[in-house]
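In the two assemblies presented below, subunit A is common to both, partnered first by subunit B and then by subunit C.
For the complex of A and B:
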């Protein structure tokens, strides 16, 4: 029984298979319709030369109406990029899935017409435009109480 | 691993623009196929509707999206509500025609390709995309792109051949018939090129060939029932009243209040989206009910999936939550028909206040679903 979200993800995978990923982005794992991994590298001059990061996407049954949960993988020696918007546990600050780098007119929020690859490109651009390698100022506080799923993060912190 | 098989199977089955050769080989076909697809679900438009800005989506897709956020997903034009949706009948007809000729064109292209190769296996039909073909083989029988038929059939038809679904009697490709039935007959019907019905579709005219009389199966929603269902403001309704609403449509009345509301809301969306289709393309009420049941099962399955921690599961219907939030607030008087502008007032509540990032980013930071206890399961 294939849900809309699975079918949509299958099509995104087809597209990746046929057209490949943008430069610096690679699909490393898509065994199922719940968790995918990509690696991203920043091309050209940047604060992250020769660094490769792993990005994890998790999808729920409402994808693409609901955004994927996105974070950097920090297990098995992998590390999150040092960036003012990236916590050391791999979560992105306030979940900036801003796709403005790819779709300037779309602003920073998730839209169901966006794709997994679009998010990868966005985060790649976020790193590429980084001016100073540092963690978010509340990093230590955040990672102590951070929920496992970054999509859960904002509510408790705002409460 | 089961997931992997599933993903490969689905990749082999889904239709997408890459079924056609690239632009240099068959100019325009990929573009055409992609132009007729909804950018939310990537399927050929199902009940296409257009927003004020001109962007077009499947009715059900955009209704779900608007429940999350009242804007056009493609251009972000704001203050869009379901009331702005307009049926795009021209697109619907184009899609109907395209569905009819798509398999034909693929077959012709395949034949041409085979001819070119002067194939040594002339009887063996294969997909243009060799890669796909191999995948299909890898995860099914060595026979090729066939899944064992649930329907008893003498001499298996070609995978792309259209067969009558024994359940809903739609025309469905043989290779996806099992999937189709598993899905409760929700997949795209494959129109028959030769039939009168098809001519009717192509001509897009109800009157030209006269209305079809109902067949043995149940007829699609009849004209008398053309009115969309009003949205309800559930906060003013007791459980009993909500159950009555569900009963009115022969829907299950089991589960928590939350479930009842979610179920009814989904029903309203499915029902109204169905009305955005040409009458002859509409589904029957039993078929819509199956869709609803399937949707509910999917919600539940997702929560049980072992791969992901239970936390990953998000509220599926933020609109429900909006309603609940609204319920807890002083309300301006509203009629039973809730206009979507009512929901807009609740929307800003979901924008997370971010602490350290620049205001511009904070403002625009993605709206997340964080209502973890909103589950279909009680």
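For the complex of A and C:
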């Protein structure tokens, strides 16, 4: 039997193929129901003109009850955006992706009624509203000990 | 002319009472699917095979509706904080008022007294 996550992802994929992605967001690959890649770029005036970033989503069998593991891809010449909530290894300090950290912009957490495209749009607007290009203050410390899967990272609440 | 009925098949259809009567049914596809699994209310949650009493809907006091199994899976996680996935208010299951069934036989009883 197809798992709950693959049924739900199949529906999301069909919607993306039928209706397309929002402006600035493109599907790169979704060959299976475990890893999807998107590119996002910020439209209009921003600190990231002509920059295109690749986002990776990894899903487990419990999606959408459990959140997807989302990070920027930093291999093969791709880079993570310089942003106070993006570590240089591509991991995010973003609350919708983990339940541990209250993100000042996103303000809310993962919910099973959210979708892959909704997360892309949230991150796109996170970049669009950036005032100063800088890494998180604990970047060096974090990337030294960061787990491979960002969902396994434990962000201290007062970081 | 005489008609003799040799046999007959009863056919019935049912729907969950998931939309209030004054809203336009069928107009909005989004409104007719469970927000968690995106399967129509009339279908069953992805874990079940047959729609019906074994895979019922659940209504919150916030007015949001889900497949009961989908909502319970979410509420069972620590991340949910027992909140409605739509509005993040604390989930309170609503008491459903059952509309009085139309029973013409009942009124007939009164006239007999």
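Keep this in mind: the second predicted complex is superposed on the first by the 140 of 159 C-alpha atoms of A that agree within 3 Å, B and C clash if a C-alpha of one lies under 4 Å from a C-alpha of the other, contacts with A are read in each partner's own complex, and residues count from 1 in each chain.
Please note the rule applied: a residue touches a chain if its C-beta (ideal position, glycine included) is under 8 Å from a C-beta of that chain, and two chains touch if they have at least 3 such contacts.
What you see is a predicted model; the values in this text were computed from it and never measured.
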Q.
According to the stated criteria, A:64 is in contact with first (subunit B), second (subunit C), both, or neither; which is it?
A. both
Q.
One more residue to check, A:112. First (subunit B), second (subunit C), both or neither?
A. both
Q) Is A:7 contacted by the first partner subunit B, the second partner subunit C, both or neither? A) both
Q) On subunit A, which partner's contacts cover more residues, subunit B's or subunit C's? A) B
Q.
After the superposition on A, what does A:31 contact: first (subunit B), second (subunit C), both or neither?
A. first
Q.
A:151 in the overlay: touching subunit B, subunit C, both, or neither? Say first, second, both or neither.
A. first
Q: Show which residues of subunit A both subunit B and subunit C reach, each in its own complex.
A: 2, 4, 7-8, 11-12, 64-67, 108-113
Q: Note which residues of subunit A are touching subunit B in the complex, please.
A: 1-4, 6-15, 17-18, 30-35, 58, 60-62, 64-67, 69, 84-85, 93-98, 100, 105-113, 136-138, 147-149, 151-158
Q: Can you check the complex and tell me which residues of subunit C touch subunit A?
A: 35-39, 46-47, 70, 73-74, 77-79, 85-86, 88
Q) Residues of subunit B touching subunit A in their complex? A) 1-4, 6-7, 10-11, 13-14, 16, 18, 39-43, 61, 64-65, 68-69, 73-76, 131, 179, 182-183, 294, 297-299, 301-302, 305, 307-309, 311-314, 316, 318, 352-357, 361-362, 364-372
Q. Tell me, which parts of subunit A touch subunit C in their complex?
A. 2, 4, 7-8, 11-12, 64-67, 99, 108-113
